[in-house]
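So that you can tell them apart, the chains are marked A, B and C in the order they are listed, and the count of residues begins at 1 in each.
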Amino acid sequence: MKKQLPVWLGFALALVFLPSIFDSVLGISILNQMTIWIIFALSYNMLLGQGGMLSFGHAVYFGLGGFMSVHALNLIADEVFVFSITLIPLVGGAVGLVAAIFIGSFSTRKSGTVFAMISLGIGELIVASSLIFADFFGGEAGVTGDRTYGPPFFGIEFLQDAEVYYLGAFWLFVATLFMYLFTQTPAGRMANAVRDNPERAEFIGYSTRRVRFISFCAAGLFAGIAGGLFAINYEFITEENLNALTSGRVLLMAYIGGLGFFIGPIVGAVILTLMNSLLSNYSEMWMLYLGIMFLLTVIFLPRGFAGFIMMHQIAWQNRRLGTLILPYFVTAVPALVFLAAFVGLVELSHKGDDILPFFGLSLGAESMLSWGILLALAGIGALGVKLSRPRLAAAWALANTPTADDRGDVR
Amino acid sequence: MFEVFVFATLNGLVTGLLLFMLASGLTLIFSMMGVLNFAHASFYMLGAYFAYTLSAYLGFWGGLLFAPLIVGCIGAAVERYGLRRVHQSGHVAELVFTFGLAFLIEEAVQFFWGRDTKNYQSPELFDFALFTLFGQEFSAYRGFMIAIACLIFGALYFVLTRSRVGIIIQASISHPQTVANLGHNVPLIFMCVFGVGTALAGVAGVIAGPVLTTFPGMATVLGSIVFVVVVIGGLGSLPGALIASLLVGLLQSYAIAADVGMPELLHLLGLSFDSSHPLNDLWTLNLPQIAPVLPYLLLVLVLIFKPTGLMGNREQ
Amino acid sequence: MSLLTLDSVCKSFGSTRIINDVSLDIEAGEKHAIIGPNGAGKSTLFHLISGRYNVSSGAIGFKGEVIHNLPPYEIARRGLARSFQVTNIFPRMSVFENIRCALLWSEGYRYSFWQLLGRQRTLNEKALDVLEQIGLSDKAQLPSGELAYAQQRALELGIAVASGAELIMLDEPVAGMSNSEAENAVALIRRITEGKTLIMVEHDMNIVFDIADRISVLVYGEIIATDTPQNIRSNARVQEAYLGEVPSDAKGD
């Protein structure tokens, strides 16, 4: 813990100063979304990455926490219970925890496919019931609240998004810290052991079911906290926030970021939130791009982005990371050309009569020349990648062989 | 009352057999490769869309013939170039891959065909009532669906039990390593089984498209139910898949047809609640309302009390 | 009183009876070996005692308590530890973490989620101690899945003995090792089971006769003899089981 103090300090400082750097309305709004999704993705990784439980229904705890939080906002507004809205994430967390205790009591008996299927079934059950119990879930329209009614918190009434950001950042820091600390406890470590080899875990004295149950409850708690933040940030919540789409999205984040690393889901949540907020403004096709990116990640980077970065550890130890820069660059340029041309083709096919601005060119779907340019660029890019790949592979192999002078201490 | 029952049974049978067409492919793929293919219903959707496009040029029958072939080829390509690579990263990666594939196919369908519902019609040949019962018509097309489903089940049963290929497949289901050791090209078998499984889903899409409407959400609507079916039936068990398909189909159909619910139950118990009661939603619940939930409820109950499913013998 | 008592234990899978009416008493401090031809049910017997399988009939007692049909973790908590014939470790965790996890329950941490492992000095020292004993100190931070085979076997032993269990069961601890590796492993087994009760299954007779105080011979699911090594050597039924029956009219054909 002492060794990591600078990391945590850096994290806290980044959280404090980020809104000063990205101070536009959009910037703050994206940061707010990130706080929510990072907590949610980290909580998901407690299940899949650390506990080996593949869940297709984790949004249930996020959504239930969110719904209860919106209701809590309304109770504050109606002066039934009056407390500061800074504590709303705790309401969400408590609901997530209770739901997880109830559902986990039978779903954690097995891991693997059985667990995945139960999580899917429960998810669909809750979504379907949410449409039936319209009083609590508000039917398809959802429920709305207002975060500004509660007693001011040291004069802050949370009218501004920036104020909400600091509330979210506080909870993000606390939740991340506790989720990290959990991995360092006996229960957290045994979750890894049960993930790796449930059979052996039983023979060293641990009930795999109980170990999974504890992780499951903790994941539900933190998902609920994220749901509470969601309620404060958006002031409304609908059935969509507990359905399979949201569950899938958090799975995507954790996976793209890298399941095997604590920081992985953070990376994934940041990348996906950025893509979601920025790309969706520019293109209707962004979900298609997202799908393609996801599949490519699963195929080529099975350990996610964090895993990709960690792959360079050996080269770093060999002090040969520098030798990779040029080959990377040589491959990346044609790859980017191909990417740009591919995106251009996809966009052009859906432009109709509009003009597609493309790096200074004006392309039209009617013009054969436009198609030709893009196809040629794509071809050149693909060829460039194909030609430069052997060099990159060779450089990679070289960077990963220990240098002669330090072969002694690299064992 | 009786006529409601008869028609609910017939409709349940149609839904159940349709589910089975998907579930059979999914079961085959799972038993051989250990992969629960999340994108299975997406291939069903592709079947419907390809058939819609092809039927404009080749008519319904052309679509019925070629759309499943195209879908099967796509499926085989997915196995060869995607799944086989991901296989090295373990089961979770495979599940996640097919999950992502389902997502991508839905987006791709919207990209190529647009977001709107397609006007994909059943052929005029079947625009008559097969029979009329208690003044209600049962359309010939539904009869055709039942016939196709039975045909597929028969063919599948025949291939699996009577042919050499079927024997190898059956052996692969129970002893995959042994089959590989006997010198069979297991990767090729995998690719073919994946192709055939997805082509079966394609057939289901072709014939279900006109009845259940062809739109980008059709995979999501059916997808999780098919999953429920194979898990309830027991992963890897074809007879289990058939029983569970019919069970789920009939259960939903009866629940929709049965116009009873909490008010009747409360009346029976001599209770009554004011409509301002906070749990009013609960007291006015009726069976048609909860029909969509029933398969999932059944799934959770089966998994809790018999994690292997009704006919299954494997847990993973 | 015996430490471990098997009383008419039977186990059937379907209609096949794998273990038939096995009764055995293991005294505290004893080094006991179970030998027998392949498929005699030795591993099954281990699985029955350690709780992986439930018995079909009969009873197993450990320290005066009935333990059959308890889940494996309950049995492990009572002081019975075991290793596996096929290496069975936590491959993605470091060697050190493997050992530390094996220590957790016996050190009383249970399912604690409020104590940080890094701060548990006694626990960490004990784990390092076990690593020292099994000779893996310099590999402590390596993911255990990357160890060489013999090292993984040593880790397998380490996980079994880390908890300080009174009764240690080793299932073919030197299988698949070269001669020199096996020698090291035997020395290791002697060292770490000192003062403890040991039951082991082993095919290498030199090792068995070297280590064991008593030997049981299991053939077709039944124990045909339990005795000291010398007496087992000269036991006619054992020779018959191992060498095959030599019928008097064998030459008459």
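Remarks
Methods note: contacts are C-beta pairs under 8 Å (C-beta built on N, C-alpha and C of every residue); 3 or more make two chains touch, one makes a residue touch a chain.
Bear in mind that the values here come from a model prediction, so they are computed numbers and not experimental data.
With centres taken as mean CA coordinates, the chain nearest to the overall protein centre is A. Seen from the C-alpha centroid of subunit C, the farthest chain centroid is that of B. The geometric centre of subunit A is 45 Å away from that of subunit C, both derived from CA atoms. Here the CA centre of subunit B is 48 Å from the CA centre of subunit C. For this pair, subunit A with subunit B, the centres built from the Cα atoms lie 31 Å apart.
By the touch rule above, subunit C contacts subunit A in their complex via residues 50, 52, 71-73, 76-77, 81-82, 84, 88-93, 97, 100-102, 104-106, 109-118, 138, 159, 162-163. Subunit B makes touch with subunit A in their complex at residues 36, 82, 85-86, 88-89, 91-93, 95-97, 99-101, 103-104, 107-108, 110-111, 220, 224, 227-228, 231, 235, 278, 280-282, 285, 289-290, 292-293, 296-297, 299-300, 303-304, 307, 315-316.
In the complex of the two chains, the subunit A residues touching subunit C come out as 1, 181-182, 184-190, 192-193, 195-197, 199-207, 210-211, 214, 218, 260, 411. Of all residues in subunit A, only 48, 52, 54, 56, 106, 109-110, 112-114, 116-118, 120-122, 124-125, 128-129, 132-136, 244, 248, 251-252, 255, 285, 287-288, 290-292, 294-295, 298-299, 302, 346, 350 touch subunit B in the complex they form.
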